Every structure is written in C-alpha cells, then in structure tokens.
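The first chain written gets the first letter, and so on, giving A, B and C; residue counts start at 1 in each chain.
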Amino acid sequence: MLASRHVDHANQAPVTLFPAEQCCLTIDRFSLAYAGKSALQELTLQVPRHRVTAFIGPSGCGKSTLLRAINRLHDLNESVSHSGDITLEGHNIHAADMKVTELRRRVGMVFQTPNPFPMSIYENVAFGLRLQKRLAKRQRDDVIEWALTSAALWDEVKDRLHRSAWQLSGGQQQRLVIARTLAVQPDVLLLDEPASALDPISTLKIEELIRNLKSQLTLVLVTHNMQQAARVSDYTAFLQQGELVEYGPTDHVFTNPRLQRTENYITGRMA
Amino acid sequence: MTWLKNAMQQGVWPWLCAGSVAISLLMLGALLALLLTRGLGHFWPAGLDEITLNNGEVVAGEAVREMPLPDQTGSERLYFTGNRDLDDARWRWVAIDTIARQTQPADLLRLERRAWGDFIGYLEAVEVNGERFTGDDAWQQVQQALALPTAQRTHYQLTLRTPQGQTLRQSLATVINVEAPNAMHLGQKLRAWGSEVWQFLSQGPRAANTGGGVWPAIFGTMLMVIVMSVIVTPFGVLAAIYLNEIAHQGPLTRLVRIGVRNLAGVPSIVYGVFGLGVFVYGIGGSLDEWFFDDALPSPTFGTGGLLWASLTLALLTLPVVIVATEEGLARIPEAQREGAVALGATRLEMLTRVVLPMAMPAMLTGVILAVARAAGEVAPLMLVGVAKLAPQMPLDGEFPYLHLERKFMHLGYHLFDTAFHGEDVQAAIPLVYATALLLVLIVLVLNLTAILLRHHLRRQRGSEC
Amino acid sequence: MDITSDTHSTHISRQFNQELEELKTHLMAMGGMVEKQVQDAVFALLENDSRLAEKVRDNDRQVNDLQIQIDDECTRVLARRQPAASDLRLVLAVIRATSDLERIGDEASKIARNALTLSENSNTVRGLVEVRHISEHVRKMLRDSLTAFARFDTELAMQVIREDEFVDGEYGSAMRSLMTFMMEDSRSITSVLSVMWVLRALERVGDHANNLAEHVVYLVKGLDIRHTDPDTLDQQAAPKKS
C-alpha cells in the first residue's frame, strides 16, 4: 500500500501522515512568484479528504497565497508566475481540460472579510446556482434551504430571505458566504482567515460550523490565530517565508513540534 | 462661556475656517435671495400710480425704482408707463420734487397685449356686435370675454383712454389680460401672480423675448439634456469599466486616465468649436450631401441642431461620467469581485451581476453631475444649434416625432439673449432674474432627484458604497 | 525537539518569561523544602531527636500551602496565556511535580510521626542500618530528580529512573531482614513495624522521585514515559541529535 508522503525539512525524510487513498489535494513542488519575487518555494504537501487542514505562519509567509493558488485566483493577476503541480482528486488544476470556472465551483473559497453581494439573502445563495444549470424554482429553493441549514443560518434567516444580506451581522454574513459556497456543492472549501473580522462568539460559531462541515467536504483553513488552528484542525502545516517548515497532526504540532522554528512560532518566541 | 474659552485656546485657525464657510454661505444666500425677490417679484401685480407734475403733465404707470439725482438735489423715480404705440416710450424718469399730486385710481387698468407691450389707462367703453357698454358694465363685459377663446373675442372692441387723454381703439382679440391692480385685494393679487407665473412657465416668448414665457426654452433644455444623457451614459460607463476593470494597469492606462481628468477642465467653448467643425460641418455636411441633397443648398443636418448640441455636450460631460463611474468602481472592495470569481463566475458575469449593480449609485452621480453641467452650459450651444427663437419644437406630433436636426431653445441662451440682445433692457431685467431662478431650480430639482434615487438604491442594498 | 533550561525565557512577551521563571523558582523552592523535610525526618529517626521530628510534622502544612500556591500560578498561566508546545509541557510538568512533591512531604511527616513513636520506645531499635542505607539512596534520587528538573537534564533523570529499580530491590531485602527480626524477638514487633512503615515511606519517596524524573523527560522531550518498561525506555530516551 502506497503511503502519502511529504518531505520534512528537518531530516529530508518522507513522513507518513495518512494513506494515499485519503488524499484529496496534492501540492507537488509548487513555487509561485509575484513579478519575479518568490512567494512560495517548492512546496510539497498533501491535504486529506474530509479533514480540516490548517495553514499557519507569520504574515507574508505565503499561506494565503497558497490557498488562492488552489483556487487559481492568481489567474486574475498577470504578474504571477508559478511552477510545480497542484492536483485535485487526481486532476491537475492547471491542465488544459480543466476549466477554471469548473475548478472554482469544485473548490469554494471564503475570504477574510464577509463579502455578501448587494442583493437579498436568497439571491446571494442562489448566485452560484444561477451561474450554472437552470434549476426549477422548487429545486432551487430546496438547495438554498439545504445550504443555509448546512451553514447553520437557516433558523436565523428563514423569515427574511428576501431582505438585503447587508443587514445581517458580521458573523451571519460570513455564514451566509459559506452557505453561498456550499450551494454549488464543492469538494473543497478554502477558508482564508474566515473569523479574523468577527467577535469571539461569532468566531466560535464559525469554528463549530467548520467542524460540522468536515463530514461533507475537505476544508483548508488559513489562520493567524493559532488557538483557532489548534481548536478546529486535524492537520497543521506551518509555513515560513514561502516554505513548508513542518506539517503534521495538529495534536502533535501543538504539544511537541519537531522543529525549533515551529516551536518558536507557536509559543511566541523570538526567532 | 466654555465654548468661547475652548475656541480661544484653539487659536485663530478655527475662526478662519468658520469665517470662510460663513462668507461662502452668505454669498450663496444672497444669490438665492436676489433671484427669488427679483425673479418672483416681477410677476406680482404692483399698484399703478397716476401722478400730476408741477407743470400739469399727467403720468400713469408702475413705480419701478428710485435713484438719487446726479447733482444730489433729491431723487428721481422710474415709472413703467407702457403705451409704446402712442408715445414711443415705455419708461419715464420723474424727479420726485416735481410731483404735485399722486393717486392710485381704482379704475386705472393695465392691459397685457400681443403687440406694443402693455397699455396703462382707462376703459371708456366696450362695443359688442354694435352694442355699446360703458362704466361698470363695460368692465364686466371685458371680464366675461377674457374667458372666451381668442377667435370669439374679435367681436369686442375696446375704447381706451390714456391718462393724458388720448383715445385708442383696440380689439379684445389682441389683448391677453386686463387687470385693475389698484382695485384688487390680496387674494386676487395672489391669484393673478400665480397665473402670471404659470404663463411664464407654459407659454412661448413674445415681443423679442422681452415678454411672455419660456416654455420652449425649458422644453428644449430638458430634451437636449435627455438626449445627451442617453448618449453619454453608455459611453462613459463603458469607458470607465474598460479603464478600471479590463485595461492592463500600466503607464498607458494611467496616462489615459490623467488625460480624461484633464479633459474635464477644457473650456466649454472649445468643445463648441469642435462640435461646429466636426459634427455640424463635417458629419452634418456629409449627411446632407448623401441623404438630403434635394434640399440643398439649405442645410438639414449641416447646421446646428439638437443632435449636434447633444453630442457636443455629451463629449463635454463624458469626463465627468467616466471619473465618477471609475471612482465608484474603485470603491467596490476587491473581496466582492473575488467572491464572485471564486464561485465560478466569469469576468463578464462578475461585472454584470456584482460590480455594475454596486457601482450604480456612482454612475447615477456621474450622470447627474453631467446633466447639471449640461443644463447650465451656454457657450458651446451657441455654435452648435441653439436658437434665439425656434420656429418649431424639436418634439411634435409629426413623424418622426423627435426632430434631431431642428434648432431648439435653451434656458441659458435665452437668459443671455434677453439680457444682452433685447431692445428694451429695462423690461428684460426682471425676466433675466426669473429665468436665472428657473435655471437654478431645474438644476436643483435634477440634483435632488439624483440624491433621492441614490439614497433609495443604497437603502435597498443596506449600507456602504 | 529537545528544549533547554533557557527555552522558557525567550518569549516575545517578557511578562510571560517572568511568569514561567517564577513557576520554576517556586517549584525548586518547594523541592528544596521537601528535600529538607525528608532529610530532617530521617535524621530525627536515626538520632532519636523528637523535637526535630515534631518540627518536620508541623512543617508539612507549609509544603501543602506551597503546592496550592504553585497550582494557582499554573492555573493562571493556562487561563491567560494558553501556552502551547514546550510552554504547555512546562506548566503540566510543574502541576504534576507539585503533586509528587506534596506526597513526598506527606511521606516525610509520616517518617517523622514514626520517629516520635520510636523515641518513646526505650529498647534499642533494630533495622536502622537498612533505613540509613535506603534513605541515602532515596535522598540522592530526590536531589537528582530536582537537579534534573532545574537543568532540564534527561540523562540525570534517566539515572534516577534506573536508581529506583535498585531502591525497590533494596527495599525488598530490607523487608525480609526486618521480618526475621520480628520472628526472632516478638517484643520488638511494635518498633520493627514502625521501622517497616518508615522504609515503606522511603520507598514511596523513591517512587515519587522517579515520577519527577519522568516529568523531566516529558518536559524536555515531549515523551510520556510513565508506565513504560525501563528497558525500552533506555532506547527511547537515549539522547538523539536532530
């Protein structure tokens, strides 16, 4: 049986984290540069299916860049160049036959600041659906109810689906954005610091939601908040200056990291 | 007195700033007050004086204003006396010292006529189909007849007497209105004032723009502005979208953007010259050669007209629309665009479904700014299609209903023309104020509409943008 | 990843450094106090010094107070700093160590109480040689484990763990010889029983010192070696350069 492997900088030896058949996303020697300035260097790691994987690291370490690369959001920026492969369920996301809109449907993304569109709650969730196949209204209503329920928002908004989404609180808006992403039934959900603009209670609700969504899809979480990574993730990758420093089960990384650099970061020490 | 103490502690700057604000507000207030009093006061049915001078001469008319005499020995008063057909002068300066007697006879009338301006004097008699009425009967007959259509009034012949004793016969058909302001009470005066204002707004000009209303000018202004908006909005919005969303943000785009911003500062008469040269003579001339050669040498499109004026103003206001729209687009958070793209939207879907609806208030602001500017612009219009007196309205019941090649009237030009090209400057002054007030009000109404519309859009969406 | 004794003083937050430093200082103070208690108790027993024995018995209260104080500090650090990795291990090791030290303090006062009982007995007491012998070992274990804690020295800690096996063996043979004393002379049963209690207490002190050493290994290496066979331990805890 082949095992999932990634190269550990400490001893350059492959470390087995989970069996290969559980692998959802494979990042293989992926490098990325903004206008010639290197942002990610030869990153190699694998993200397990139906688990929460957290990317942590200091500002500018490339964790958000990596997340956006998975969704090919860098396509909008002409000054970005990359090498290496990112593979989603065995398909290279940069392959010619991979349509970027289809990739982005399969890989949903939630951003730092809640960004509901200036339309009703219902229309927000329907946005992604309307971009694709035409659904009968009844069917669409069902999908929207399911998405909002999955995002733990249905009970709070079911009586005001046609009110403006901007009237919701920050935490509700973020859950709405998650619902909007869930509505198109993605395989992977990328979360870029989803709770950094929210109050502690809303943050806990988002974290609870992340844990619950694990059964439906694969989640990748970028966060500045190490406690958050420790609370919700199953695996943690620590990035620094565009390289992967340490990747392992969250329990291990947060109690006994292998490397001094990781230890310094998660315990708040000077490098 | 703590506020005073605080203010003193902050030094002289707050006072300077507050002072400049106060002065600006004062000037604006003065402008509005002047326009309101002079403009609206013109329509008020003022009392008519009959005065006897020391030398026995009788003068009747409306006192307009007083000025000190050049030698400082007293002051003189200007009377509007009307009756230009009889004594060839409508205005009379009277030194106040020379006035022996001054009365306000209740039966002194003022007739608004289609020719020769107003008549001020007394009604002697009315003849209706050979029957003759005098005194109060005559007055009642006239009052009843004024309600009739013009064609039926030809049967009425008035015999009028000037205060100086001359008699004049006048058909009632040439009379628009008769009033005896000295005999009117406040309610009647208000009603008369209202109807005067309404006539000003709803009727065409008379007597070389020194009398009558400004309706064609209002209509022309509105129509020109609408045609201009229809042209400038899509162009401006598309240009802004290209500059902000599609173009590569390099030095060239920056240069174009700086160029667009600077275009907003080019004097408007330059646009007029461009419009005359390119639109009227260039394109218009060619159109005439190709399609209207049977009408040549009299030009159809080869002369100033509604279309060319609208196009010129569209060009003039294009930078305003582009800049406002671009600013609106730039204010939309990047997260909104990424949110749409991350859901699998193409760039076009992102633009049409998320970005443009969010930029709508900004676009609206741009269009309104453009409209406000175009409504007040005169200089380029003089070159490309505005007329002192347009023979036909540019919109009528005749196919193709909207006549883009016709010349039209414009409030701003009307104002300019009345003020500087009228034969009778004294009569024109109050009209100039009234027209200016109207122009200010139209721009104000347009801006208010825009603000309300924008407010409504924002409320619909929640907040922000 | 191994840590050293200054690992906990390199945080960006100096306040945090100070708090962790205080934890360690207070733990060492408690360790010193407990060590003195054991020494005094054994001395009181061997030299038949009933006044010293009473002092040891009364001092136990101070040990208990110190435990509560240090545990409070740990709770505060946990609640306010949410320590992770080596910091978390330090706090956990300190909490566990205070509990072991408090037990050692209890054992010391138990020895002191038995010393008091024995001092009332006019007959010569048998078995004191074994007590002296085992107490030397146990006190060395306690001292070494505290030193290992202070220096983050896993090798010293491993020595303590190995020493414990030896002490357990010594304890077995001492018990057997005390049994013979009881069988030879039935009048000495009371006093020998007291000595057996003392030996039992010393053996417990050795076990707690062994626990302390295990906490040091957990603290430094992040390995939990409690309830592990000592032979496999040697392989795991052998210093590995990474």
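Operating definition for what follows: a residue touches a chain if its C-beta (ideal position, glycine included) is under 8 Å from a C-beta of that chain, and two chains touch if they have at least 3 such contacts.
Note that the structure is predicted; figures quoted are calculated from it, not measured.
Asks: Among all chains, which one's averaged Cα position is nearest the averaged Cα position of every protein chain shown?
Replies: If one averages C-alpha positions chain by chain, the most central is A.
Asks: What chain is the most remote from subunit B, judged by the mean position of CA atoms in each chain?
Replies: For subunit B, the chain whose C-alpha mean is farthest off is C.
Asks: In terms of C-beta pairs in contact, which two chains are most connected?
Replies: Highest contact count belongs to chains A-B.
Asks: Just curious, how far off is subunit C from subunit B if you go by their C-alpha centres, in Å?
Replies: That pair's centroid distance is 102 Å.
Asks: Which integer distance in Å separates the CA centroid of subunit A from that of subunit B?
Replies: Taking the mean C-alpha position of each chain, the two centres sit 61 Å apart.
Asks: So, what's the distance in Å between the C-alpha centres of subunit C and subunit A?
Replies: Distance between chain centres, rounded to whole Å: 49 Å.
Asks: Hey, which residues of subunit B end up touching subunit A in the complex?
Replies: These residues of subunit B touch subunit A: 248, 333, 335-336, 338-346, 349, 353-354, 357-358, 460-465.
Asks: Any idea which subunit A residues touch subunit B in the complex?
Replies: Listed in rising order, the residues of subunit A that touch subunit B are 71, 73, 76, 78, 101-102, 104-105, 108-109, 111-113, 115, 117-119, 127-128, 131-132, 164-167, 177, 180-181, 184.
Asks: Where on subunit A does subunit C make contact in their complex?
Replies: Touching subunit C from subunit A are residues 10-11, 226-227, 230, 254-260, 262-264, 266-270.
Asks: Could you list, by residue number, the parts of subunit C that touch subunit A in their complex?
Replies: My answer: residues 1, 3, 10-13, 16, 82-89, 221-222, 242.
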